[in-house]
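In what comes next, subunit A is part of two complexes: it sits with subunit B in the first one and with subunit C in the second one.
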Partner chain A sequence: MSFLPRSPSAIFLSTVGLLAVVAAVFPQWLTPYDPTGIDVTALLAAPSWRHPFGTDELGADVLARVIYGVRLELAIALGSVVLAGVVAIPCGLLAGYLGGWVDWVLTLVADSILSFPIVLFAVLIVASLGASVATLIGVLGFVFVPRIFRLVRGQTQVIRATGFVRAARAMGVRTPTILVRHILPNILGPLLVIVPQLMAIAVLIEAGLSFVGLGVQPPQISWGSLLLVSKNYYIAAAWYPLAVGTVTTLAAAALVFGGDLAAAAVNPSRRRV
Partner chain B sequence: MLRTAAPYLRFFLILWIVVTVVFISLRLAPGDPAVLLLGPTAGRQDVAENLADIRERYGLDRPMIVQYGIYLTDIVTGDLGNSNRSDRPVIGLIATAAPVTINLILLSILVAIPIAVFLGMTAARYRNSPYDITVRGVATLAMAIPSFWIGLLFLNFFAISTIWLPASGYAPLSEDPLGFLRHMLLPVTTLAIYLVGTLTRFVYTETADTLEQDYITVSRAMGIRPRSLLFRFAARNSLTPMIIVVGVEIGTLIGGAVIVEEVFGLPGLGRLLLNAVLGRDYPLVQGCVLAITVAVILLNLLAEFIYRRLNPQAAE
Partner chain C sequence: MSEVLLEAEDIRIRFAKRSGRKNQVVRAVDGLSFAVDPGETFGLVGESGSGKSTAGNAAIGLQELFSGTVRYRGEPMPVPGSARWRDLRRQLQVVFQDPFSSLNPRWTIRQALSEPLKLHGLASAEERDGAIARLLEQVGLGAELAARYPAALSGGQRQRVCIARALAVQPELIVCDEITSALDVSTQAQIISLLQDLKAQTQVALIFISHDLGLVRGVADRIGVMYLGRFVETGETGKIFARPLHPYTIALLHAVPVPDPEREAARKHQPLHGEIPDPADPPSGCYFRTRCPYATDICAAEAPAFEEMEDGHRVACHHVREIEQGVRRS
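This part shows the complex of A and B:
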């Protein structure tokens, strides 16, 4: 069972990750409440044993809404990273391995996409396609491509120069086989580092865009749309925005921290924050 | 040989691709681009001839390549079109709003750098002490806080619950310096929190690496005081790369500024852009995105140039 996490922080983060997956797939296991349930007897009720995060303007349990929000949150964060990986990993492998003009052109395109500030690019695409979860995943996937591409390309260059790859080449192993069988397995570690980092960015961008009305639209439940809905209650029911914002912050911080841990595990000689 | 013609050619190619991506994004939209460009009034009968005007102006009923030609010519001559709301030139609207955003970002950088340098370097100096672990934990949290949320918390605490600071609006620095500071205090703090987080983490990593190098060990053996060792000897090596990082973060900061301006009601580029997208003022959205992205590219080029100047070894 060597794949099980051992250090306390790794165990903690794995538990949080597992909880997030459960919340996304079986939210009803974690809360008895219906996230859209209306209860006129408890509008904006303060936190209590029954409602640890209080209730919202329609009397729905805020904790339940936060838990049910995980599903979209995870769909956006994972969906965009997977989408980006599907494009970026083959391109990065080719650019790093072949070099020459293929590398030059692909890197140029990647750097161009990278120079768009993410939020601005998202606003531009939302202006032409309209705000929706699909647009959000597409936009984030698109801007993540160059970030994964650069990593894969750099790692491929390093591994291409190692003895075992040169030996394989000398033995006449075909390029696709070298890329998939010899190089790809060796860059999975660094890829594991960037995935939580990008997911953290996705969570924060989702929150920001939904907050200004350009991301997930209420009544769909995501943390961003909850932050949007709760913005009128900072004074009357401060726990409501406080709870949602704190959860968002902690989730993003956990992802960043997860990336740090992965980085330390992949490359023990180089400390990271 | 392409590599030797390098930086300038590359720079113009990147600009060209960025401009082309913006061109394509309008054509991605389902339906008639002319309707998108004309905005909310497009459906009205009395302005039907406006649609025809727009088609004529941007060549929308002609082949894509002609449209692209017209688009590129406009951009090269600095014509970003007119806002479909106010019919004023987009470039003028951008010029009016830009100073607010520039001030906001510049002040945030000026506030964040000294704090991040101090925290990052001292944490690296006392590595694995409780102080270090606290600093790094707080830095990671600072990166992860949604800026608009902490902004709204500040706003409700400092500006509405207590009446210390104005809740929204702006006063130009040249006319009302005190009002400028009062209006800027909360937005700048909000934006600086993220930057302090990122930069502290960066300074920490760099300094921790530098402190393990031989020249530091030698200087320590020679009896240089720890304080000058850290802030003079190590700082020179670990802080120059920060120029590049600040350059890269400008893109993120602009994104943050868009949302922070909305929260605090600052009449900057972010507010202009958001009002444009919510009011379906497509030409203004497109113009803002183009102008800001080009500015970001130029700033990154500048950061790289300064870095090369300070650190000739880094030239590839």
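This part shows the complex of A and C:
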């Protein structure tokens, strides 16, 4: 019952989330057009009531293409965050709880990843594995690992020192059980808060990498691949790249904003239990 | 039951501490020896930072030693994490100071109390609710609390739940680490009287840690007064209160108010001056000399021996004879 949206932040986040999920699963509910439909009578048509974002170089509705792009966008953003979480959460728990050399080594690895330039890294990986959605998810996931790791590690260090964890240890509860049953549930709040933030970064990096040809390849539709194609028409049809770029930026902003709202909701003496 | 339950022999515990650019060593516990008999309550008293918690944790195998030994029923404390060590978790329990962080905020009281029962196979699923109700009753709480979350409980109630959780495994020894210091005075008194009842009912031994000598008097059979990781005075509670011999104990006792207001007003106060020294950089000789009204040159030159004054009453002070005379005269 505490999962029903009550606060404005929860309502905002769930609206954005619902819209994204509908666009990803049932895009046909949101637009009557076929994103790959060709209409030679309306190539690069300017925005109108029928085509709010105009049409592309083959006459397809740009709004429809943007909406159909959400699926891949969401898959990349969620996929990379989940991938990173699968690696970073156990590592962060262990580093934060055990300390010592385990912590030292894991933190060193995380910091090394953090200090590596993302684009250079992406170029290296794409050059050796080829540009694809899977590679992109892998690159983003890798980039997110240290961010999630640091958060989990820090939170774990705080909770490790609390009485209930020490009492569990004194009682003989084994370390894996302490990590999963006592510590993890208590860091879920801060953990969920950074998910929209990381997804925003994923959307922006996807756009950037695909734009330079290192991410999603046309004809697969993502916002980045749309940007890549649309930039060829920035003189003849300036609204085309502009519309795609604006949607990308707004989506990222909404995610960051949502993350901030969630952080504010989680941070101060929230504990309503 | 004359066998000693727990015995600490010359235990030392050190922590690395970084202050600025220097790496220092904190001797949190610096050569403590004590023994606890079955069913006995040993009071550990001292100011903040004197190493009480560290000593308490070490006594039940939760803190690695730098040197010395802790023996439980004659056997050395096994390595943390080993099977033997895990077995001992049923015998040795602890209750912490802060009742607000001592219970998982996401667990109901039932879940909190189920954990030890399940872990040590002490009650089947059907028996569990009954066992939880009995535990709650034992610490003076109603069974209806089991369904609540810690946030819905007062500090005193939570501390009772923590005591119940420690009792769940039917331990032989519970370390109570400042368990009343986060509570208001009347709740403190209730918890103390609960401990007295539990001692009588269950024969559990306690190591009762507090900075408040007055509180310790109510529960402890014997007392060890700590200063910077060492004992300055140990002995039976009655003897220490009747005839404190170490200047530090005397000063601590002066800080304990006397219940009778007339006598309280007539008392000569001998407050402790100054701060407790940095445990990473203790004074030479007797650690207490920097704050001691009796301190002379010898106190700076050498550490006093821990002398037995009478049966079980030991004092570490170069000037204990003078003090003894003085105490006799007044």
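What we mean here is this: the second predicted complex is superposed on the first by the 261 of 273 C-alpha atoms of A that agree within 3 Å, B and C clash if a C-alpha of one lies under 4 Å from a C-alpha of the other, contacts with A are read in each partner's own complex, and residues count from 1 in each chain.
As a convention for this text, a residue touches a chain if its C-beta (ideal position, glycine included) is under 8 Å from a C-beta of that chain, and two chains touch if they have at least 3 such contacts.
As the structure is a computational prediction, the values presented were derived from the model and not from experiment.
Trainee: By the touch definition at the top of the document, which applies to A:Ala20: first (subunit B), second (subunit C), both, or neither?
Mentor: neither
Trainee: Would you sort A:Ala170 into first (subunit B), second (subunit C), both or neither based on which partner it touches?
Mentor: second
Trainee: Applying the touch criterion given at the start, work out whether A:Ile148 contacts subunit B, subunit C, both or neither, answering first, second, both or neither.
Mentor: After superposition on chain A, A:Ile148 lies in contact with neither partner.
Trainee: Output check: A:Gly245 vs subunit B and subunit C. Expected answer is one of first, second, both, neither. What do you get?
Mentor: Only subunit B; A:Gly245 stays clear of subunit C.
Trainee: Once chain A of both complexes is superposed, is A:Val256 in touch with subunit B (first), subunit C (second), both, or neither?
Mentor: The first partner, subunit B, only.
Trainee: One more residue to check, A:Ile76. First (subunit B), second (subunit C), both or neither?
Mentor: After superposition on chain A, A:Ile76 lies in contact with neither partner.
Trainee: Once chain A of both complexes is superposed, is A:Leu140 in touch with subunit B (first), subunit C (second), both, or neither?
Mentor: neither
Trainee: Looking only at subunit A, is it subunit B or subunit C that touches more of its residues?
Mentor: B
Trainee: Please report the subunit A residues shared by its interface with subunit B and its interface with subunit C.
Mentor: Subunit A residues touching both partners: 271-273.
Trainee: So in the complex, which bits of subunit B are touching subunit A?
Mentor: 2-3, 10, 13-14, 17-18, 21-22, 25-26, 28-30, 36, 136, 139-141, 143-150, 152-153, 155-156, 160-161, 201, 204-205, 208-209, 251-252, 254-256, 258-259, 262, 273-274, 276-278, 280, 282, 285-286, 288-289, 292-293, 296-297, 300
Trainee: Under the touch definition given earlier, write down the residues of subunit C that touch subunit A in their complex.
Mentor: Going by the criterion above, the answer is residues 60, 62, 86, 89-90, 92-99, 101-106, 112, 115-116, 119-120, 149-152, 162, 165-166, 169.
Trainee: Give the list of subunit A residues in touch with subunit C in this complex.
Mentor: Touching subunit C from subunit A are residues 162-164, 166-173, 182, 185-186, 271-273.
Trainee: Give the list of subunit A residues in touch with subunit B in this complex.
Mentor: Within the complex, subunit A contacts subunit B at residues 101, 104, 108-109, 111-113, 115-121, 123-129, 200, 204-205, 207-208, 211-214, 227, 231, 234-235, 238, 241-242, 245, 248-253, 255-257, 260, 270-273.
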